[in-house]
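Got a structure for you, questions after.
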Amino acid sequence: MTRRSPREFEPEKSRPPALLSVDGLRVSLRSRTRMLPAVQEVSFSMQRGEILALVGESGCGKSLTAQALLGLVGKNSLGQVEGSIRFKDRELTDLSEREMRAIRGREIAWVSQDPMTSLNPVYPVGAQIAEVPWLHQLCRTRNQARGVAERWMDRVGIPDPALRARDYPFAFSGGMRQRLVISMGLSGEPDLIIADEPTTALDVTIQAQILDLLHDLRAQTGCAILLITHDLGVVAQWCDAAMVMYAGRIVEKAPVGELLANPTHPYTQNLLASVPTPGHRRPLQPIPGQAPALEDIPSRGCPFRERCALARAACEVHMPDLVGSAVHRVACWDREVKA
Amino acid sequence: MIFYIARRLLLAIPVLFGISLVAFALVRLVPGDTATVMLGMQYTEARGEQIRAEMGLDQPVPVQYAIWLSRALSGDLGQSGFTGQPVTRALRERLPVTLQLASSAVLFALVMALPLGMMAAVNRGRWPDHLAMTVGVAGLSVPNFWLGILLILLFARTLGWAPSGGFIHLFEDPVGNLRTMILPAFALGLAVAAVLIRTMRASMLDVLGQEYLRMARAKGCGPLRLYGVHAFRNALVPVLTVLGIQVGYLLGGSVVIESVFGLPGIGLLALEAIRNRDYVLLQGVIVFVGTAFLLINLTVDLLYAWVNPQIRYG
Amino acid sequence: MTRLHWIWCPAVFLVLAGCSRNADPVPVTERDAARSRTNELIVAIQSDAKTLDPHLATDAASMRVIENLYDTLLTYGSAYGTLEPGLARSWTLSDDGLTYTFQLRTNACFHHTGRPVLADDVVYSLDRMRSSGARSSVFAPVSSVTAPTPHTVIVTLTTPLASLLAHLAHPMSAVVDREQVGAGGLKRADGGSGPYALIEWKAQQYARLKAADTAPASLRPRVPFLTYRPLPDETARTTALRTGEVDLLLDVAGKDVQSLQQVPGIVVESQPGTFWEYIGLNCTRPPFDDIRVRQAVAWAVDRDLINQLVKFGRATVLDGGPIPPNHWAYAPFTMYPARNLERARALLAEAGLADGVDVELLVSSDFPYQVKAAEVIKQLLKDINLRVTVRAMESGVFFHALGQKDFTMTLVGWLGFVDPDEWLGLLFRSGALWNQQGYGNPEVDQLIEQGRSVTDRAKRQDIYRRAQEIVALEAPMVFLYVNERTSAHLADVKGFVNHPTVTTLSLRETWLDR
Amino acid sequence: MVDSFRHAGQPLCPHPSAVAGLVVLSLLGLLALFAPVIAPYDPFALSGNAMLAPPGPDHWLGADQLGRDLLSRLLYGARISFHVAVLSVGFALGIGTLAGGIAGYVGGWIDQVVSRCVDVLFSIPDILLALAIMAALGPTLNHLVLAIGIVYTPIFARIARGAVLDLRHADYIEAARSIGSSPAAILYRHVLPGILGPLVVQTTLSFAFAILTEAALSFLGLGVEPDQPSWGILLNQGKDLMERAWWIAVFPGLAITLTVFCFNLVGDGLRDALDPRVRAEKRA
């Protein structure tokens, strides 16, 4: 908990208009027989320069939320997106695919989960990075684009970029590749970067380097970062605020300090309890059971109740709303008890 | 890279040796020999022996093989027993036809298979997919000689759009040449197209699930760029491998197709050699075709390396 | 970044493929000098020539090309059975019938060397034919050939040979250029002095000829270029004629005659030919060493049915001897008027084969109509318990097997040219080269000898009638039918004469009305 | 993550096309088996009246030049096709699997020899090889079986060798070996089931190829006795009569196409069902 954002956290209402505000986002996936709701009732907003974490176990709908923001689901028969995504005063759900394309990479960039597979193996990396400014007409010539690419490679810490731009992805180590992916995201000079578990595939020391890099770049360019992770340590160290997601729903949302100090939702509490804390010797408590598969998510009631020690009759019937203070909201019938 | 090629070439040597051995042995199992066929009804032991002696066929078989092999190594495949023409010259005369036939068939197969396979993968489970898969299975099931006959009936006999056989040299009459080649190339290429459609679809499906493709979409690539640039080249890698394997089919199939369309290529040469019991020629053809097959596969591997940079440097 | 060069790879491949044409030594100018559809006659043939050496050629395709490249001492007249002067402008026969004296034309020159054709060349060629050629046996009675003057050739015989002139007129009795023979053989080269000279022969594609500059103006063919295109597929051949890709088909299959006749702009000419087909029965091997078994086959075969099914009824059934009705030596007798199973069974029973026997019927796969006929015969002979297995072989191996008498039963054809000796002497004389049935009857041998030495046509007719009766009765061959000879050409091809034999000598007088 | 969701809840596809192929094949097999009962005519019976008869009430699929009933000939031809396919593929399967299995299991110089032989046979195009073998042996049904069998042996050898090599070091094989099972028992009990999947798939697909090759060889005149109603021979006989009697060439071609098509469908279905690699890919 050493690093904090330069700006202290402020209540939402007093801040300038949000960069991104998501309201009632619902993503359904088509199965053979019906539409399965994979993401439900997701609402949040982000400011410029903010690093927001989206936390949860794998399969809870984090990545799907991110892809919905990029308009990568719903434009085909596989899924359907409902709700509102406002980005810089534009309603993204109303945009055509062509308009969305102009936004992707240019205004909202994506840094993907697995650097090992995110780079196209058959093209030199420089060309892949240069593709972004070239596609979005940030440069007039291919040479300029190449220059931009090399500059970004340099900025993300790749030595000798002019030479290495001509290399193919397999010639880079995992950490280097993630840097390349990040530089690919940044080369369009976006306002929002969605980083989908950017460090899971890397080992711990590299992890820290990459997150430091993201952090620094945020400071330099002022872009916002939506960091998707399952790692609370990462959240604690690098993020401003965090949302905890379970079975497609946001169950708790708070500034990072508040969340860590005062976890309210039983799932959040369990999550924290299952992570070792340096300096504190206590037994780790794994969460009993496992997150439900998409088709097993109960159609009503709280999806966590099966694994929750505090489950009660109400949990069987209704999903609690996300309520609470302006900064700390939680969706649990037990919150009154806690409070 | 050079080491890679050298290694591949070295590995090919025992195989080539084996091919020559098989060709030599097989050809000698064929009842009747060049002398008997040349003399036909006028065959007598004495004259047969005389001709065999002239052609060195009176030597013990291992000796014949040794002599033949040593000459073959210096590029001399001997002389056709029947026409007296050097085998290499006969091959050179016929090669352009087969080469043109095979490459036209490949060209046709690629032109047909790559877009269809891609469309099928992109529209998985919908009608373009069903169409492509039906072509993919049906194309493999239609006997190429039957297809050739039907094509002749339809386009040559009924519609009169193409000649029903024979060969016109490319440089003598390019249009005529194209007209003589188009039907056989189609008949020969359909099965290859079928295989390639299936391969292209499968590999495209594989590629479409890859992270770098989602990454490319997230960069703002449109479908053309996405499929045409990012997915295409990756999907091509298995297609090339399969194409290399198909060369064997092409060389074999050209025997039948050349016979149906009366194209004077290597395949027809092989049939003539069998018909005339022309030992030297037949073993020359088999060795040549086997070598060509190996070399083409080597080329395909090199192409493969070109498409897939990891191999290039590895 | 978008690298699409690979698209061009196959295309480049294609072009390269086309580039690797073989380097023929013939200069391009000569190859294509002003050749066009108005001065080129294109003839479709069934297969490519095997050799251009007249003395070695035995296949029809080779003969077709060769006969227009070479001169012979005499040639066939356009009326069947007549002979006309060729290289020899006149000839005389000594009174004892043993010495022929030929006076040669003085204006004949070899194409390749430009040398005039002299008596020495004739001597050389005849000696070459007698010693090693495919037809050496027909010249067996020739004791010597000499050239007393540059334009006189004397052929001396040991016994009179009535058929000598006809044998000399055979297109393969050609006079060849000795220097060309020495220079590497004639298999792929032109050593002739005939009306056409070879420009280019590309295996399986074409053999291209042009009117020889060396020929005297009066003998120059009217069509400057003559091209032979091998089209092995029957369908491809007729299609090529319909689309005008070729001008002339020399052999039209029975099934196509009717449909081609209906095509406007195509002229179909048919007449009885001299190519006849038979079942050969090996008289040296059981079961056909027994004359009764042979006769049983002759009675069991339904010639009309085979003719109908295989030849579309267009052939002429041979129920007597093998010489066809259009020939002067035709013998009007009937030996097997109709299929008679009772007789056939009775004969077999007499031979102790009432339960039948297994036999193999050898045919050449290169002649599909003979394979079809064999299939029919298999079914017909089933009725008398002769269980036939049809075995088809490529013609080369097939003819070798015949020559070695290594067969029991075969179905094949024979092309008679002009002299009856070519029908009977070559086939039925004991020990004759083509007598693969191993048939021998002293009386027949004697008749054949007589037929050769007697020059009077009426006498010969009687002799050959007797011989045919014996042969038909003893049935070393079961004669089936003689084929129609049908040619088809575009209507603007004029002056071509459809000859009963395979000869195409009239190409010299053919012209194009374009 | 979309992908992991994509096919969730989708039941394992039962391959309707493969089932259809199997049904048609069984039907064809029955027709072939009972051809003598079903066929309306003796397939060899000549008839001057029926010569080139078009399809009609007397001859459903018409008659050929010798007046033989085409339907009857096709039915008997199916017997030849199936006979050749089953025996030749059986030969290839037996010899190939044995050779490949031993090569893979024993390794060493035996493996080298077998592998090189396989390479050599692979390098000669199948039709050319079969042609040369047929020319060497002469055209009979048994030789046809042998020639096609030899041509398709290397593919089985290669599959078996690859599979055995993969399995040789698999844990359960090591375990079996460590408890002292004999090599034969290991091969039979452990290795064979492991390589069965790919072999079954290849067998089915090879049936298709074998039928095509038989037809091609017969078409080129290097197949069985020329009066036998092999589909390739029927086609060859029909090709010159296309204009007068299209049915002689069209129906045998359709028969070949249908049969091969069905074998291919079944083979594809089996591959999807049996090959774990493909199954995994499909899931992905």
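First chain written, first letter: the chains are A, B, C and D, and each begins at residue 1.
Please note the rule applied: a residue touches a chain if its C-beta (ideal position, glycine included) is under 8 Å from a C-beta of that chain, and two chains touch if they have at least 3 such contacts.
This one's a predicted model, so the numbers in the text were calculated from it and none came from an experiment.
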Q) Measuring centre to centre, with centres taken as mean CA positions, what chain is farthest from chain A? A) C
Q. Does A-B or B-C have the larger number of C-beta pairs in contact?
A. B-C
**Q.** Per-chain CA centroid nearest to the all-protein CA mean
**A.** B
Q.
For chain A versus chain B, what separation do you get between their C-alpha means, in angstrom?
A. 53
Q. Roughly how far is chain A from chain C, going centre to centre by Cα mean, in whole Å?
A. 89
Q) If you average the CA atoms of chain B and of chain C, how far apart do the two points sit, in angstrom? A) 38
Q) In chain C, what residues contact two or more other chains? A) 1, 233, 235
**Q.** Interface hub residues of chain A, defined as touching at least two other chains
**A.** 67, 123, 131
Q | Multi-partner residues of chain B (each touching 2 or more other chains) | A | 31, 152, 157, 233, 260, 274, 307
Q.
Can you tell me which positions in chain D touch chain C when the two form their complex?
A. 44-46, 48, 51, 65-67, 139, 221, 225-227, 237, 239-244
Q | Complex contact set, residues of chain B against chain C | A | 31-32, 36-43, 82-85, 89-90, 92-96, 99-100, 103-104, 106-107, 110, 152, 156-157, 160, 163-167, 169-171, 177, 228-229, 233, 236, 260-262, 264, 268, 272, 274-277, 303, 307
Q: Mind listing the chain D positions that touch chain B in their complex?
A: 3, 116-117, 119-129, 131-133, 135-138, 208, 212, 215-216, 219-220, 232, 235, 238-239, 242-243, 246, 249-250, 252-253, 256-258, 260-261, 264-265, 268, 281, 284
Q: Under the touch definition given earlier, write down the residues of chain C that touch chain D in their complex.
A: 233-235, 253, 255, 259, 305, 308-310, 363, 365, 368, 371-372, 374-376, 378-380, 389-392
Q | List of chain B residues in touch with chain A within their complex | A | 210-212, 214-222, 225, 230, 233-234, 237, 307-310, 313
